[in-house]
Amino acid sequence: MLLHLCTWAEVEAYLKRSTGIIIPIGSTEQHGPNGLIGTDAICAEVFARAVGDAADALVAPTISVGMAQHHLGFPGSMTLRPSTLIAVIGDMVTSLSRHGFDRFFFINGHGGNVATVTAAFSEIYAENSLAPAGHNRPSIRCTLRNWYEAPAAKRLSRELFGGEEGSHATPSEVSVTFHAYPDAVKQAEMSPRVAPNGSFTDAADYRSRFPDGRIGSNPALASAAHGKTIMDAVVPDLVESYRAFLAA
Amino acid sequence: MLLHLCTWAEVEAYLKRSTGIIIPIGSTEQHGPNGLIGTDAICAEVFARAVGDAADALVAPTISVGMAQHHLGFPGSMTLRPSTLIAVIGDMVTSLSRHGFDRFFFINGHGGNVATVTAAFSEIYAENSLAPAGHNRPSIRCTLRNWYEAPAAKRLSRELFGGEEGSHATPSEVSVTFHAYPDAVKQAEMSPRVAPNGSFTDAADYRSRFPDGRIGSNPALASAAHGKTIMDAVVPDLVESYRAFLAA
Amino acid sequence: MLLHLCTWAEVEAYLKRSTGIIIPIGSTEQHGPNGLIGTDAICAEVFARAVGDAADALVAPTISVGMAQHHLGFPGSMTLRPSTLIAVIGDMVTSLSRHGFDRFFFINGHGGNVATVTAAFSEIYAENSLAPAGHNRPSIRCTLRNWYEAPAAKRLSRELFGGEEGSHATPSEVSVTFHAYPDAVKQAEMSPRVAPNGSFTDAADYRSRFPDGRIGSNPALASAAHGKTIMDAVVPDLVESYRAFLAA
Amino acid sequence: MLLHLCTWAEVEAYLKRSTGIIIPIGSTEQHGPNGLIGTDAICAEVFARAVGDAADALVAPTISVGMAQHHLGFPGSMTLRPSTLIAVIGDMVTSLSRHGFDRFFFINGHGGNVATVTAAFSEIYAENSLAPAGHNRPSIRCTLRNWYEAPAAKRLSRELFGGEEGSHATPSEVSVTFHAYPDAVKQAEMSPRVAPNGSFTDAADYRSRFPDGRIGSNPALASAAHGKTIMDAVVPDLVESYRAFLAA
Amino acid sequence: MLLHLCTWAEVEAYLKRSTGIIIPIGSTEQHGPNGLIGTDAICAEVFARAVGDAADALVAPTISVGMAQHHLGFPGSMTLRPSTLIAVIGDMVTSLSRHGFDRFFFINGHGGNVATVTAAFSEIYAENSLAPAGHNRPSIRCTLRNWYEAPAAKRLSRELFGGEEGSHATPSEVSVTFHAYPDAVKQAEMSPRVAPNGSFTDAADYRSRFPDGRIGSNPALASAAHGKTIMDAVVPDLVESYRAFLAA
Amino acid sequence: MLLHLCTWAEVEAYLKRSTGIIIPIGSTEQHGPNGLIGTDAICAEVFARAVGDAADALVAPTISVGMAQHHLGFPGSMTLRPSTLIAVIGDMVTSLSRHGFDRFFFINGHGGNVATVTAAFSEIYAENSLAPAGHNRPSIRCTLRNWYEAPAAKRLSRELFGGEEGSHATPSEVSVTFHAYPDAVKQAEMSPRVAPNGSFTDAADYRSRFPDGRIGSNPALASAAHGKTIMDAVVPDLVESYRAFLAA
């Protein structure tokens, strides 16, 4: 159930049976030689929609541009500064809380978002914690779940890609996007086959260490079929997480 | 050509033939009894994609949540504060300018965005204007085009809906979304048939003046067929605008 | 009735008969070869004072520096960034609302302010719209009126200056300042007689397109006498607007 | 020489003989039973203009609303938050520095501005101090002078008003405004004759300690004649300060 | 080598042999019935100083107040909002980078800081990543190390406290502070012996779930002797990390 | 009584007998040839602790990095921007006010902090002053006391150091740090014996005017013994100030 395809009256009705909402958050950043720039946003979105369908949960629009400053050395990458993303999440959550939503389940597709989104939650909670006694601010609860850390995602990564999963432009995430957008499947030679590992700081540093954009991965292993396998296995994990979150 | 479905190498190649990019911006807000909450974002997105196809232009991800504080009295509506949206647009444009993009063509679906997006452009330009002499900041150019103000859109609005177009939850925009998402077509009785007109301030004021969310419109006139008519006529107008913008 | 020339007790008495206030807003920016740098602030101020006299309305101090980043290529021009101006307007309106003012009528002399001031109003309203249920924030109403768009101003512009009004450093606005400050009347040759038209981005771009600062105008047509004509005709329009605003 | 009454070409010419500028800064706040709400802005402005005339210095538009949060318990008072005023001063100084101004002489009429304006100067300098080596930011110098602390102002305060000068709504400042605006001279009984002294925090605290707005003063002693005496004596002090500042 | 006990000439000399610096960061928040409010700051500080001594590294002053909004339900707890802490870290790192420091090794004592400090690093890097081509900003590298996640810390936690370590007000951290401040050792009965586990949102939520402040721990097991054991074992781990960081 | 060495239950008990707290604030900046970079923070801290002991007052952690942009030309100096420091003080005071603290006594060791900290207090008060009628924000009171302006400090400065006290890197403050940290006493030749006086703007300007960092002082006169004399005399002054502040 997509918020964007509802009328306000349908949302009003939904709120009578649930105060939870799923918010997909991704990124717009290079994903190596054959990965799509929208990989993280696409993954977050397709998982969120599938979970929304399975759990009768409302799904908000995807936050497509995340915190990806380190990818700016590659054409097409975009970032919000952490301070901007904190403001965005604050405004979105506050908007929805006005209607009675109080359980915000973010499905995340990008490791680079984790720290900033977590800080954004604290910024929101801090408004309550610093408010004068007797305030009338609603009590809300936010959580961030990385689809690629769901138990099934980790298991399948090992089974399908072994030591070639890596941590950026992984065959798992590329597979999910190939399944979602079969017309956008790309081919590219990987050289070296498996990309180097390591840490990074800013965009120039990242590009010098990871010249084609990948970290530790071999996304030539990706396929739409693997993507379907991953989707089918991971969605139930996320549904269970969502239900547990509502019940907490 | 969607940025999200490209690899970074494809964007690098694109930049050799064009430094323009289209950025759709909409809103997530109530659109009356039968309009979708995503109406403005959906319209911006479908027009942007069609223009991108017709003009071989890259299309960035849609800014789905805009400045819609006045709609917060209706469940499901979301807003960014103007100051937040200014930061978002600044970060997005700055990110892309790093790669060599210098013509930013925003296709807008929401009147409430106009002032803030225009202010955001000035905030970006001001960085250049206030920079010390001899700075190396790139010169860029941004523009905002409201699809519903294209000549064809205004003409068709008159022809198809006459005095019942109104200014919010209009049959034109609802038609475009029904064409884009035929499975999401909604039916609702309009009472009164044509909504009242007027101005508004904050969310409580808006809701008290426009109890079902519409302003001056009768969106019961909307249909997917009308949406197709509008799309077919408006896209060439926007393509022409985009080409003129690149040439300016 | 100028706020600056009242005591607080007089303001307290005023609030018993009206909760409206007029706030002039202008700019400090080049106005071509013979226009004053204070043109926009002067116009806003003299119209505001005349309206205040005619409508028994309190007039706040003039916001003299507006959003004029594009004029910074010419000596003497000053700007506030949009984000700064948004903060200024927010603080001013909030200050006055604490005393019971709830109708804020901005008389504007500068096109470059429109987007940012409109965004500032939304930023103020958003505080209410995003506030938790049961908040005790006052309901207020702001409006921005450009004196040069009053019906009489547009009519006189056509009658007096025809196709040589242009859009910056216009003979209309220069005339009003010459009427207000007859000792500051300047002479300058205009070359070309009528300045070019066009759009612009940042200060460098503006200066390269409009080398003497004018856009589309021939301010050599300006005179104090024309200024008096314009004042006499436009003030009643603004008075009527103000009264209608109070009644809305 | 008022910036507002110059053309940009005149400012360009001025910059060939001087890079100094005077910026008056006041406040919009209650000044007791007979003092004008604009007292501090009026004083700053009239002193700035007189100094500008005497020293052939350019005078920028007056910052009319300052930091006056503690006066908000009295109708008509307005404040900028310190953070807003810091942004305003930063934008104004940066704008002017782009043209080559590098000596900013603020003439201040309000004690409540001192800390914030001083902090604003540090915020500006910090941009240089924190800039990477080899930056091309201009070196500028700002100073704040309180007219009421000029030697002549302190001497005349003692001679004319002795122990009844106080520290807010003083007979000195009220006299200067009565001299400047003889039509706005007000009469009011002072009870007690001399107001209490003390410190304060927020607006509620201030109002409870100083019920008619004065601190330690008896402004019934004010007169336009005294205002003239003060003006005549203080302007030369400020002119000397300004010249020394330019030479430093 | 403490920055606070050096002269600037000594820092200048240090920079010739190293461009690394250690910055301890803690928090000021309740630590259960017998833990000190300064626990996290004290731990970060004593580890940082010991590492500084062992590795000839300069140690900056401790950031004593961190991100601890969730503890504000207990008297004495203090927090910086995430946005404030991001600004603080940005200013501190930028200040030091001006002198040539380019390796910033934060030793952290508080889990609640991790997300915000990581976001702060990204905010700093983003300045470089978003800067125009050809900028002269220095390349720097920041890292955050939680002393309690050093291998020796995790091993000793298991050996000394088994399942009673928990995650807040742990016997490990309390022991370190008792070792550092033997005069401040406190006794308190723990009821229940081991505190409950769980997640939390804002301060009210935290206090309702964890009524005495602990999470999952039994800090009655803490002792100064255990603290010494932990210090002796963990410092070499951190020294090794620091050296590897400098070499990276 | 140091906040950092208390449990939350001890703070809860303290609040039953007092709602006052002492917050030391210093700076991290060069202090000339023999002064410590931590001089201002050390002085603030040792005075605060002594006053806390003498007056049974709780002492918060020291704000070690202050507003010192002008010292950034010397290695090891650090600054917060004024806007950052304003945010820090706001968050700290708001945190503590949530627990019932309402008297905030800042003991300051650095002249460069005065304006910004004073502005920070106004920023805090402004939240109350601008709040809607009927708000439930607590009424609080903040004050800043510079230890070096205590009567005994000024008297001893004259007696011990006469005309060689100066205004930065003074023998008084250096003496206090030498008393506090006898192992950190430094020797350095002063050339010239007494440093020049003058004003300054940014870091480059400061360094060019005061090449070894001192202003007007001869800190070769400093000694731990003088430091003890100063401590012994100044603490009672500050205790008296603190008691008067609580009673006000």
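All chains are identified by letter, namely A, B, C, D, E and F, in their written order; residue positions are counted from 1 within each chain.
Please note the rule applied: a residue touches a chain if its C-beta (ideal position, glycine included) is under 8 Å from a C-beta of that chain, and two chains touch if they have at least 3 such contacts.
The shown structure was predicted, so the numbers you read here are calculated from the model rather than taken from an experiment.
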Partner chains shared by subunit B and subunit D (touch criterion as defined above): C, E
Any chain that touches subunit D and subunit C: B, F
Interface composition of copies subunit A and subunit B: same or different, split at half: same
Copies subunit D and subunit F - rotation angle from C-alpha fit, nearest 5 degrees: 180
Could you work out how far the Cα centre of subunit A sits from that of subunit F, in whole Å? 46
Between subunit E and subunit F, the Cα-mean centres are separated in Å by 24
Just how far, in Å, is the C-alpha centre of subunit D from the one of subunit A? 53
Between subunit E and subunit A, distance of the C-alpha-averaged centres to the nearest whole Å: 29
Where subunit E touches two or more other chains, by residue: 72, 79, 81, 83, 91, 95, 98, 129-130, 135, 203
Sort the chain contact graph into one of these: line, ring, star, complete or other. other
Provide the full list of chain pairs in touch. A-B, A-C, A-E, A-F, B-C, B-D, B-E, C-D, C-F, D-E, D-F, E-F
Please name which positions on subunit A make contact with subunit E in the complex. 67, 69-70, 72-73, 79, 81-83, 86, 112, 114-116, 118-123, 125-126, 128-130, 139-142, 199, 201-205, 248
Any idea which subunit B residues touch subunit D in the complex? 129-130, 132-135
In the complex, subunit F touches subunit A at residues 91, 94-95, 98, 135-138
Within the complex, subunit F is touched by subunit E residues 2-9, 11-12, 15, 28, 30-38, 41-42, 60-62, 64-65, 72, 74-81, 83-84, 87-88, 90-92, 95-96, 98-100, 181, 184, 186, 188, 203, 213
